[in-house]
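Next come two complexes built around chain A: one with chain B, the other with chain C.
The block that comes next holds the complex of A and B.
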């Protein structure tokens, strides 16, 4: 699985080159469609789109620094149960990791999907992406964002910064993909390496008949990127810990939450059909509200906001991939991702679990091990 | 329609009322929303107490009841039944505990009363969300499985067989009898062990209602009370039990030797062997780990000498499946290995024996033909017996093994009797515990035989000039002692069988802190377990002597017979239920369920509970994030309301305390 093919870039336009790669895949008989971000109406936010007509790939912009939603949930819809046809999906590393978690929970399948991962240079929050575009043609803006070399010298984007999640993401290179477009370290005016990372990817790549390509410094660039991001992540976690350590601090942190549940809807690993917060368990009676209010003299409404976040942490912090869609979706700019990643760092560490790392690792709460946490339970033995 | 709840606060004599202001709590309860009547009474579990509830249900039209008294483990059923007699579905009652959880554990009466109020409020808030539930009746299969054929398993099997029910008796070793088969004499009567156990063993083999499977183990149990499916692994014996006449020709000719487990390593046995001439069944077994034919395809002598052609080296293990209504576990104990107590020199000094080794030394068909001699063949002139080795010792087992004092006395007598009355015998003991029938008398008899008793746990056993010296303190005299002896016997602790954890897993029962199987109730349920239809017999539940093990076994048998005789059993409705509209089909609960009670419905893509197998443990509900899986009677709404009540969230101020009669009168809310 060591094949690296060379994807030639014409006219200094790597986006068109990748479109060509996808067209090649789509023309392969075994693939019925491609899920990829597409600029509709030639402008604005690129939305995940299932393309079956190769001609319509001209709007595809997998390199846009926009991340309107985590497509893992969409891919789950496309692969749950009988799919019929094989598709290819162009995903960010955090989308692949979230999808792997969903597959573990029987919410999708990797059987009939070819995952095309692209080294991720990060993206803007939805609102910031608009500022970044500043009326430009979106493809031009994408090319300007990447500059000449993948992973270095990011141009100034009119004062907007990459999303907090992306700045602290230590996984810029995709894991568990079939094909990887190695953006990092590549000369974007010349050629992009396409790596096969599975037997299936290898077969597809060979069928495309691209020339081979040698080492181009991708590993080094990734290493430098991971270093910067890890430092950023650690500082972010420390800062978040400092302001959420007590119930009072946490209440203040979340004080603007209006229980719109946008963060839950946006979260790729909150997988329930009906979230417990929508069930009658949380339908309180008027006299209950009165009782609570009387006990303390007042009752902040809506109730259950802290409880909601704590519950969600209990349910999915083990699977949180740090994609930041929760923060992206919050209408009140609550740094939800920061809080969840901070908690997840601890819960995941205690089980040595990295969500999305491997399909063979079951979610820790789905298995029972008698010899776990002996220091905590040994007094009961 | 608003609920009409009746609340009953029990004094439990002074157990609760000594700390809790019961009338005050009742007064408080009468002010909680939807409470129609609240009373306190001396003993709610008494006849008049229960009648009070029944009368109120009728007269006040109650549709919910809360009883605050002892632990639900004790009397929940009592009050459920009372409600049922009053015409109320038993699950519309909530029993809360203000004794174990409150009065017994809270020092300050004011605090205890406040706590009781919270507990009662929680129960009231919870009961409002209860729904009617109905138990189901299922048929009980007539056969019973007994696992382990020591004296306890034998007794249980014979009792059950006598009632006319078929017993499938599974024993993992090649013959039955357990530890008792290793003894020569038994305390306190000193009757010969073989004389009392052999007839029982033979009876097992001849009883048409007992289907004996030796050299076999249970590997899987599924199902539920009344309907267990048990898979038995029949290990290959390599000797056909149907053809073998037990003549023993093979036993003499086999050239391969290895240490004998039955003789506790004091002698060798052949690769083809049986434990003793009286073994039941008398069919030998081939130890495949050493047999030259099986390991290297050489030898084959036994096959040549067997006159009936019973030897079959190609035998394979097989699995057999049995359907039974209940299971009696009689897997016994193991004696502790004293090697870790290095100070006593077991394994280092050849003349330090375990008690079981001594039993074999003393046995007429044992390694020395029943002669109590040292390894050099000479009689010991002095013997030291150390009691409580590994028992009553925080480093090993805190419990008392309950038999060591008595078998030590047995050894005292046997040494005096067999080796000679001039033999000096020293007992190093902590306390003499001779509590059984005829035991104290036996103690006196042995004392009169001139045996020495030194109180104090010895520090160590050392070797000096070729003799063993027991070093310790006589705590009665308050002086150090050094006693030179020829032989030392360690009364090692009785501990849970080495396979107990695996047995507990297979049968879905729990082990106590000491590792023995956990009974349902230490006083009132010593033979049943938390798993319906699985009963305990003998020392697998805790150390016992033979009389106690036999009595316990008859108790276990009686439970199994009772189930089989009634032929029906009612199944608790407090099982889990998965809401198919909410379940997303992640399948996690399926793997978490310890009773394999959840299946996946591929068509609807949801998980489904098999209610007959679900024990209501809540593993699925605890995981399921959306709450699709919930335990009936412990659902989220009920629990959250209970918590709210506990936190005093729903509190409505009680009526003015100026009404002194409030506690006695129905407080209409």
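The block that comes next holds the complex of A and C.
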């Protein structure tokens, strides 16, 4: 492991300390802007914001337990083509993993972006975040959420639970970041370790001139978090399998779906510019609907709901990073993340693929080998 | 399963090999059961998983994808890509009770009329044995 620097926390406020780190990066001549969640209006949801003026970092709240959207798609917009300037992006581990998938599909580039990952303690669904705030100042609420010790204190839940995706996420520590803010295990009243995880990150960290920091129990805290979350994930998959084992069960699971496709819009790895479900391919003729209805006695409208979800599974389950934005976006509270992760667990395992793990691993459906999967081919004659 | 059940099978066959074999089987008057609907595509590499899923949800009891033998694809590697996509569906569909047997991938070369007839007859028998797709009677698809 390369350099670990010490980011001093003043006045028991780790959020301000991280703002200071970002300010240091912005003042570094090689960084023109920082993408980071910012509270724009006192009580609001912190939204991903591209900050170029260091003074405007005072609204940045990268530790807020809010996750309005997966920023990977935004970063793809900021990195496709030349900007002429390097930026930094503060991301959750699942945002980084999704972005790595997009980079593999030429939907973005890591060349001019410095990724700052933060150990992730999870977030609330959008609607639950509002409940959690309960009128409090959002920065106060963020500090209360984390307590004094990253990842070990019982967070102040304010009567709501973390999103199901976060509770079952086995990747709390960022992979493929340049710099990592090691929240896990840290005494948040004292100091945060900042780890350099790439040569680029190392150079930037050295330029900041922070003192060195020793081991502070991060690894152990992460290990414990991963254990709890993995157990949660396995139970979730088992429970989902138990209620979706037949096509009828699946239809019932999705029975409140209104084909709004919000889950697809929110999904960071569903990247097609023109999705077939946005076209008129599935706007059938009146006589077709009548024909299908007569054949079965009734036909649920709109049609093609199960078809849509199965197609999405085929198109993106290999790249699903489990961020839960699909569930977050569903207006009908359908647990789609649970379903997609359950399917993805098997598809990803069968191709030995872990999305976001490495830029060197090509998406399985973009490559092939001549001599593989012989059991997939039947020889009937 | 009920002896009255007659399966509907949809086959996506590539223009250059399996379609030619199907033609040969026909002109050679080989005996084939009438349960098959052929869709000619330029290459198995263009069969998106959603074609297969849509077929199974719209009345097909089984779907056959058939193209050139490895090394013979006229677009060099479309059949290898098809193999990965069918493999993917083999992992997804059984999670929802759609038997793996309902999606079949075979290689049938242009001169293999015999093999084509045997493949089709064998597949139809297999699906007749397996019974109808659950989606046939579902109001929600």
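Here is the rule we use: the second predicted complex is superposed on the first by the 372 of 381 C-alpha atoms of A that agree within 3 Å, B and C clash if a C-alpha of one lies under 4 Å from a C-alpha of the other, contacts with A are read in each partner's own complex, and residues count from 1 in each chain.
What we mean here is this: a contact is a pair of C-beta atoms (placed from the backbone, for glycine too) under 8 Å apart; a residue touches a chain by one contact, two chains touch by 3 or more.
Predicted, not measured: the structure shown is a model, and the values here were computed from it.
> After the alignment on chain A, I want to confirm one thing: do chain B and chain C clash, or do they fit together?
These partners clash in the superposed model.
> Looking at A:317 after the superposition, I want to know if it touches chain B, chain C, both of them or none. Which is it: first, second, both, neither?
In the superposition, A:317 contacts chain C only.
> Counting touched residues of chain A, say whether chain B or chain C comes out ahead.
On the superposition, C touches more of the residues of chain A.
> Based on the superposed arrangement, let me know which partner A:369 touches: chain B (first), chain C (second), both, or neither?
So A:369 only meets chain C here.
> Could you look at A:224 and tell me whether it touches chain B, chain C, both or neither (first, second, both, neither)?
neither
> Examine A:207 and indicate which partner it touches, taking first as chain B and second as chain C; both and neither are also allowed.
neither
> Of the two partner chains, chain B (first) and chain C (second), which one does A:305 touch, if any: first, second, both, or neither?
second
> Touch check for A:275: first (chain B), second (chain C), both, or neither?
first
> According to the stated criteria, A:16 is in contact with first (chain B), second (chain C), both, or neither; which is it?
It touches nothing on chain B or chain C.
> I'd like to know which partner A:144 touches here: chain B for first, chain C for second, both or neither.
neither
> After superposing on chain A, which stretch of chain B overlaps chain C: 292-300, 400-408, 616-624 or 652-660?
Of the candidate stretches of chain B, chain C runs into 616-624.
> List the residues of chain A that touch chain B in one complex and chain C in the other.
Looking at chain A, the two contact sets intersect at 276, 295, 315, 365, 368, 381.
> Provide the residue numbers of chain B that touch chain A in the complex, in ascending order.
Residues in contact with chain A: 33, 513, 581-588, 591-592, 594, 605, 619, 623, 625-628, 636-637, 640, 644, 648-652.
> In their shared complex, at which residues does chain A touch chain C?
Of all residues in chain A, those touching chain C are 241, 244-251, 255, 276, 295-300, 303-307, 310-311, 313-315, 317-318, 342-343, 346-347, 350-351, 364-365, 368-370, 372-373, 376-381.
> How about chain A: which of its residues touch chain B in the complex?
My answer: residues 81, 105-107, 271-276, 279-281, 287-288, 291-292, 294-295, 315-316, 363, 365-368, 381.
> Can you list the chain C residues touching chain A in their complex?
So the residues of chain C in touch with chain A come to 49-50, 53-54, 57, 59, 70-71, 77, 80-81, 83-93, 95-98, 104-108, 112, 114-116, 118-119, 122-123, 134-141.
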